[in-house]
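Pasting the structures in now, so scroll down.
Look at the two complexes coming up: chain A is in both, with chain B in one and chain C in the other.
And now, the complex of A and B:
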């Protein structure tokens, strides 16, 4: 009898949750004019666009090659710098390494703040400060990956085996020795994996940075779209797709070997 | 020499972990601490190198108070005390040699150890320590490739690399099978005898305690209720320490010939079939 009375409100709650979500989605869709009608009306337009993309303008390839390489370079440098910067912050955040909350809580707050800013907004801000060009893009990628990697890494650090830390305390190690001998060897494979993941994400992110003037292939994409040269946009998109696929594949293989 | 002066430990929730402990442990003794789980064995052991803080009294290591030490002074005392854990506490992804060398970090500057620039004598010391526990050939293997018994011997080697005067072992054989258990206990005994290192071990196997200890300390509810030689620690004494009769799972069994077998008093509760280890 008792079990039945306990179960009933739970089921009730589950139904309510589902109803809540459906209502939420429908209301949002109506408010933002997301209707099947829009989709049907837009479809022919999509067809025209696709038709104009074919055939892609292959002669444009040499022109976009250099900005494409620049895009990868922005992603690479930004990810590396952000990743390096993330290490001390991740260590300061992790409660098992830094039990002193007066340090870890404010550092976590900074990290959370950094992560609330989208990468394109970072890019727009840095373009305003440092002017148009890849430097602003690199900075944007750096801050974006810093927030991402630091957050994932400190969570990985908090989940490491506490045993070796205890052992290092017992042998008379100081904090830095404890980190180098107890924490880093355990957290390193996770960190490397996050670094590669961030690089993957950043190559994609860097290819649209040009939309706000922060260098890379995005500038040419923006220009091609603005001039209605969809055949050129098509080749840019194709090349980006190939590069992203290659990098994704490479990083997946590497990450599997790490863990 | 380790001295406990009126040592008590009260946990924040009011539980008394240790209650007015007074002990003197001399250099070279092989002390086994016995008692039920929750009797304070681990708390007592970990208070010696201050992995646990005490709330009252004082503990002195060779005349130096570890209770009052802090910072580099505390680390200096700790580096003279090796510790062995139930779960080995090795860095599994690092090599055996690096794990053993990590026992040397207290002897060198931070920069030197962080860069991994241990002097050649240290590597030799680490290899000798591995030799002493018969796993020198595993020096360059990753720690997670070793069996449980081998990993525990690596952790003994790590403790030896510290060149300690004291070794603490918190249930060192609790996660090992009976055969490996004896090998690890033999290693600890040999090290205790050869190097005159004071060795303090928490154990829950009564027969092992009697076989290896030169002195047995019985704890019950945070108090020392027995302190004497293995000969004095009769079955009655153990029943007193445990506050009940001895269970079969508190005897390792598998005795070498000629050893005394502990009399197991059958438990009046429903028959136990789980705990028999052989």
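And now, the complex of A and C:
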């Protein structure tokens, strides 16, 4: 009897989900005045903006070269310091290294908190403390990449092969020996790869830090846009794009070699 | 021992070459960041920041008339929902363009992948600034910035999930005489939609974080009052806004993570 009364699967749940979704989007759009009409009105303006960007002001290139280099330097130093700071924290919150939850759980909480703070907010706060300049940007990048690298690394540490660790514990290795000879050799390639990944992200982040006064190319971009020099803004954006593409490509090649 | 010494010279010196190269790069980088020393006001400013964070401006949370924290956070949430929604649809054609198994020509998917990585490397703040110049400051510029910027990553993830689908159903449909559109609708989409949704939710979490700072350049959301508070050195207000951002991000992460677990 059961076989004879096969019913079509209940569909109303799916329909309800879709209706809920559509209502959500419409309510959101109304709340913030985001309408297709605005897009249609705005697109021609976007077109004129893009038209003003060509041809880019190539003579501006020598002026922006130094801030661009500074951007890369901010990202390099920030990534390295953040990465170094991340190691002890990653070890502290990996359950297989630190089985004591009273240590690892609070450390994880701190990491989560650090990761929710936007990088530009870090930059703005450090600008207030240390003044306008690349040092504030470097500190912002450092804290930002610290959260990122620490999280990725502790997940990598937790997924390492437990065999060597058990063997070392069995022959009486202490905690330090366990970390140096058991955990680090396994986690190192992952850590290096995350470091490179963070560097890629940080170059992009550093290129906009200047908007809040934390050094790098962003300051010039902000200034050019404020003066309506879209040809200059175009060359800044182009250069940023090229640098980021080159760094991404190099870092991808290196990462493939590592893993 | 013998085998060790007969290693090619390059393999023996390679680690040292890397280390020297790294040290050189970092010396250069540190030199570039000429650190002028801590300002004389640094201590008092730090103290006032800590004091401000310790005593958040609770009055700002809800203000019946005018700008308040809850309205700013709601705007931020809406910007990221709409931005994710826009990109989740915009990126579908890009995804099929970049997927290697959709078209026979290798060049088609290759160019698609290049276009996507170009979109991906554009910092979203720059996209936001461009849209502000086009449609004026406000939430709409933020939505467009997130919508366009997210295409780069979402379409890449989408195209990867299209590449890994089971070819069986599509072949069966083609054999039974289905048109290309029917194959897409009845064989491809049912396999990829759960993954599409899951990736979109993941991107929503990322967009949530970006949306909190979009306002710093004028693209709506909580970032605008945050910028004012920062400029006026009103650390109590910065503290309460930061607290609001943290709570909002953690909550949306939890909800979106829960939904993602149910989908997949």
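The rule is simple: the second predicted complex is superposed on the first by the 236 of 259 C-alpha atoms of A that agree within 3 Å, B and C clash if a C-alpha of one lies under 4 Å from a C-alpha of the other, contacts with A are read in each partner's own complex, and residues count from 1 in each chain.
As a working rule, a residue touches a chain if its C-beta (ideal position, glycine included) is under 8 Å from a C-beta of that chain, and two chains touch if they have at least 3 such contacts.
Being a predicted model, the structure only gives us computed values, none of them experimental.
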Chain B versus chain C as contact partner of A:250, first or second or both or neither: neither
Partner with the higher number of touched chain A residues, chain C or chain B: C
Touched partner set for A:88, first chain B, second chain C, both or neither: neither
Partner chain(s) touched by A:106 [first = chain B, second = chain C, both, neither]: neither
Chain B versus chain C as contact partner of A:28, first or second or both or neither: second
Contact footprint of chain B on chain A as seen in their complex: 161, 163-164, 166-174, 176-177, 180-182, 185-186, 188-189
List of chain C residues in touch with chain A within their complex: 25-26, 28-30, 32-36, 38-39, 42, 45-46, 49, 74-75, 78-79, 81-82, 85, 117-118, 121-123, 125-126, 129-131, 133-136, 138-140, 143-144, 209-210, 212-213, 216-217, 220, 223, 226-227, 230, 233, 238, 242, 245-246, 249-250
Residues of chain A touching chain C in the complex: 24-25, 28-29, 31-34, 38-39, 41-43, 45-46, 49, 69-70, 72-74, 76-77, 80, 112-113, 116-121, 124-125, 128-131, 133-135, 138, 204-205, 207-208, 211-212, 215, 218, 221, 225, 237, 240-241, 244-245, 248
Partner chain A, residues of chain B touching it in the complex: 49, 51, 72, 74-83, 85, 87-94, 98, 102-103, 105-106, 110, 113-114, 155, 158, 162
